[in-house]
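Order of writing sets the labels: A, B, C and D. Residues in every chain begin at 1.
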Amino acid sequence: MGREQPAGLRHRIHEIIFEADTRAGKTFDLVLLVSIVASVVVVMLDSIASFRSAYGDWFYGIEWFFTILFTIEYAMRIYSVQKASGYIFSFFGLVDLLSIVPTYISILLPGSQYFLVIRVLRVLRVFRVLKFTQYLIEVDQLRRALAASRRKITVFIFTVVSITVIVGALMYVIEGAENGFTSIPTGMYWAIVTLTTVGYGDISPQTHLGQMLSAVIMILGYGIIAVPTGIVTAELTRTKPHKHTTEVCPYCSREGHDADAEYCKYCGGPLNP
Amino acid sequence: MGREQPAGLRHRIHEIIFEADTRAGKTFDLVLLVSIVASVVVVMLDSIASFRSAYGDWFYGIEWFFTILFTIEYAMRIYSVQKASGYIFSFFGLVDLLSIVPTYISILLPGSQYFLVIRVLRVLRVFRVLKFTQYLIEVDQLRRALAASRRKITVFIFTVVSITVIVGALMYVIEGAENGFTSIPTGMYWAIVTLTTVGYGDISPQTHLGQMLSAVIMILGYGIIAVPTGIVTAELTRTKPHKHTTEVCPYCSREGHDADAEYCKYCGGPLNP
Amino acid sequence: MGREQPAGLRHRIHEIIFEADTRAGKTFDLVLLVSIVASVVVVMLDSIASFRSAYGDWFYGIEWFFTILFTIEYAMRIYSVQKASGYIFSFFGLVDLLSIVPTYISILLPGSQYFLVIRVLRVLRVFRVLKFTQYLIEVDQLRRALAASRRKITVFIFTVVSITVIVGALMYVIEGAENGFTSIPTGMYWAIVTLTTVGYGDISPQTHLGQMLSAVIMILGYGIIAVPTGIVTAELTRTKPHKHTTEVCPYCSREGHDADAEYCKYCGGPLNP
Amino acid sequence: MGREQPAGLRHRIHEIIFEADTRAGKTFDLVLLVSIVASVVVVMLDSIASFRSAYGDWFYGIEWFFTILFTIEYAMRIYSVQKASGYIFSFFGLVDLLSIVPTYISILLPGSQYFLVIRVLRVLRVFRVLKFTQYLIEVDQLRRALAASRRKITVFIFTVVSITVIVGALMYVIEGAENGFTSIPTGMYWAIVTLTTVGYGDISPQTHLGQMLSAVIMILGYGIIAVPTGIVTAELTRTKPHKHTTEVCPYCSREGHDADAEYCKYCGGPLNP
């Protein structure tokens, strides 16, 4: 992206496909965004039995149209980058490949619905477009807040899983198979459904003891639902604590000064001489 | 509202209908509030079959009473404003119009229950009354906090929709139509019901693999429910950091004084000499 | 409580019943707490049909025992306070009265189960005991945070009710009585069940359009669940912002100074001379 | 752990089993972690009827294998500690004992499924391994935040229980046994299911009055779900306000410097001369 010497056509294609600073680049991003959404919607509609029988041929045609479009795009991406392997094995490179492969394989192995899921992964390509917009800062801030609370969330999930195992075993013993708690894993499934306050109601306690234990778990769940929220909120409040960080020290050119700083905290020079 | 020369009757009507500083204006607001709530309650009760058959004629009469009342009010609003088109095409102008039109159209097209929804939009008129009260600051603060977190919430909803599409397709393939997952959109509906912890239970996983995936999604949902809360909380904490921090000490020029401070807490000088 | 001249027995009883500084006062509070919980548990067990038929007579006897106990306590409270009417018409005075009246009335009007609810109100008396403990500060802080966010929560609940009315009417029109949405109030009930993520599943959308609208409402609900949490959290963070507020100005004796204050913000005198 | 004179074999075993600083210690922790998880998974799979009938003998053998392994470990722990009773009656000592006892008792009392729950308690042993990792700080911070909000959460749970009792009695009277509200405890179970937004739907209000009361409770629950979240968040924000704020400028003695600051941001003096 920061290449000094322009390399003709290749450089121009790279600018259009990978960047979003030029007008052509922005138009390309918009067309790509619409194509991705349209192709995912077609896959979704194709899965509805009544739509499939009525418009199946249309869907088949549109699917091939987008596949060929994405194949051309994929070829041009490989052509235009400096180091092809770097792109191919990157996250987005693999997603780009996975979004065209299933259609070609379906000629050899027709009728397999498992490719549906792979086709639907195309939706991830939208984040590629998002990458070049003003949302970048927001995405980054959310990502940093989540990364900073990574360990606390791990500890938390660990605790939840332990509670789930113990409660699942307890409910299996208390309620038993006749009330739907057919095994410890089923009890754990119920415990997760309850602790997360989803509460399908496909399995629910029938005995008085089971209902009392459930009530305790629900109030417990009510209490611990507060923990991940607290963790993320505390991090989000923290990740942008120094609002005025755009000031640059005139001596050492480093950023990150507090709003009330009068001297550079790295070199000691006055910030506003 | 800030017109210098009084324009007689028109000005007086404007003051009563649009403002809430005079006693007549406040009385008008109260009468309007009661009328709006009463008319919405009538529409609601009219939709209950047993009430309709018993009191249908009464409801019909009351509906016309309020419609004529609101029509007179609408005419007076147009009459009293300086620029009628500005009012008519404003948000509240359109809501005001929509709250009277359905009743008149129902003479031409009787029996259409679709007007019910339009009639119910009257409830939005209540916010017009709220506009003139002490709640204005609170509404504004909430609005600013939500506006500030707009982009982060967009990124978040985008991520949720992507997870929904992929999980919906996965569950469609795993569970299949025999367990209620008849299409990818249905799978997505289930994924949203689960991720948001609503959990109706009208569709729920039956296979072991489906239940395991559900459990993972629920714990994931448990984790990501924290994100919008964190975003809004962080913004709300930020939007009103100090209630009155604009006051500057005339001696040392430092800010950050409490609303009840009379002397500078840094240099001891009087804040309002 | 701050009476200068001791008034003999009356004063002694007041000290035991209303205060918790003496040993006798603490013992009384403990006995009262156990009695309240026990009497509420008896009312609860009495409502279970199988328990009632087996131990109904026991429950009847225990109920009278506690009623007479609470009557004696009530009489002693009236006797010991300086101004009886002030106590009788206070919140706790009324709760104390309501906890004994139903049993006496049940002699005249036997069999009415509506008194159950009034009897159960005894549970509120527990907060009377809580009042004298170290939890007072915590209760007060929670109360202040909720009071400070009162208006924002009002605006919020108002918005939720408006959404509920409009969505309820929409779903009534889309789904209709054949799918359980028999009236607009029923639609509103469903909308509240969905928006609050309770999701019983007793009524759930059956049409594709209804499911799509539901999905939008759920994601909306996911977003707005963040708002009250954000409001309360922001207030709770704020209600104890100045941790070091115990410092008292040596000149004007007022509290509430920030940790970094060097001069009294009320009188300008140096805080640590 | 801080013993001065090495005590040969005993000291070496203690280092491996109880500590995680040496390579052998880390390897032991990893093997232990895998063993615990594997043994719990076996207990879980053994509870599935179809798995039990197919692989029951295998599970029996694996169970004895892990039991003997954990027995050896338990003996070595007792042998290697300085004060055996201190270890045996510690929390982890009891968990270690409970994880081996059930298998031995099952020889005397075969077939009792109640031992399943005790066996599953082994999952708690995983936290023993977690104790020696970098997660220690995170666990500690979460623990401190929860401990600090202990009282507020107690007050909150108390309020929720009071609401539950009153609402449960109200719904019992309104809906009655014919709609599933067979007793006040059942009404309380429903109230908890609703307030916590779990919403199984196994019991749901059928009368109009009951549905209206439910709607109010749900919106109330929506409001109060914010409280524990607010409490924990406020504490989490407070427990780590600044990562390294203990450093004091040697020149102007002011605090609040970032971890990466080399010069005082207030006076420009070097922080570590």
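Quick note on the criterion: a residue touches a chain if its C-beta (ideal position, glycine included) is under 8 Å from a C-beta of that chain, and two chains touch if they have at least 3 such contacts.
Note that the structure is a prediction, hence the values are computed from the model and not measured.
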item: Which listed pair, A-C, B-D or A-D, duplicates the contacts of A-B in over half of its pairs; value: A-D
item: Numbering shared by both copies at the subunit C-subunit B contact, with half separating same from different; value: different
item: Inter-chain centre distance, subunit B versus subunit C - centres from mean C-alpha coordinates, in Å; value: 28
item: Distance between chain centroids, defined by C-alpha means - subunit A, subunit C (Å); value: 41
item: Subunit A residues counted as touching two or more neighbouring chains; value: 185, 188, 197-201, 225, 229-231, 233, 237
item: Interface residues, subunit C side, partner subunit D - complex; value: 40, 43-45, 47-49, 113-114, 116-117, 119-121, 123-124, 126-127, 130, 134-135, 138-139, 141-142, 145-146, 153, 157, 160, 185-186, 188-189, 192-193, 195-202, 225, 228-233, 235-237, 240
item: Subunit D contact footprint on subunit A (complex, rising order); value: 151-152, 154-156, 158, 161-162, 165-166, 169-170, 172-173, 177, 182-185, 188, 194, 197-201, 204, 208, 211-212, 214-215, 218-219, 221-223, 225-227, 229-231, 233-234, 237-238, 256-258, 260-270
item: For the subunit D and subunit B complex, residues of the former touching the latter; value: 197-201, 229, 233
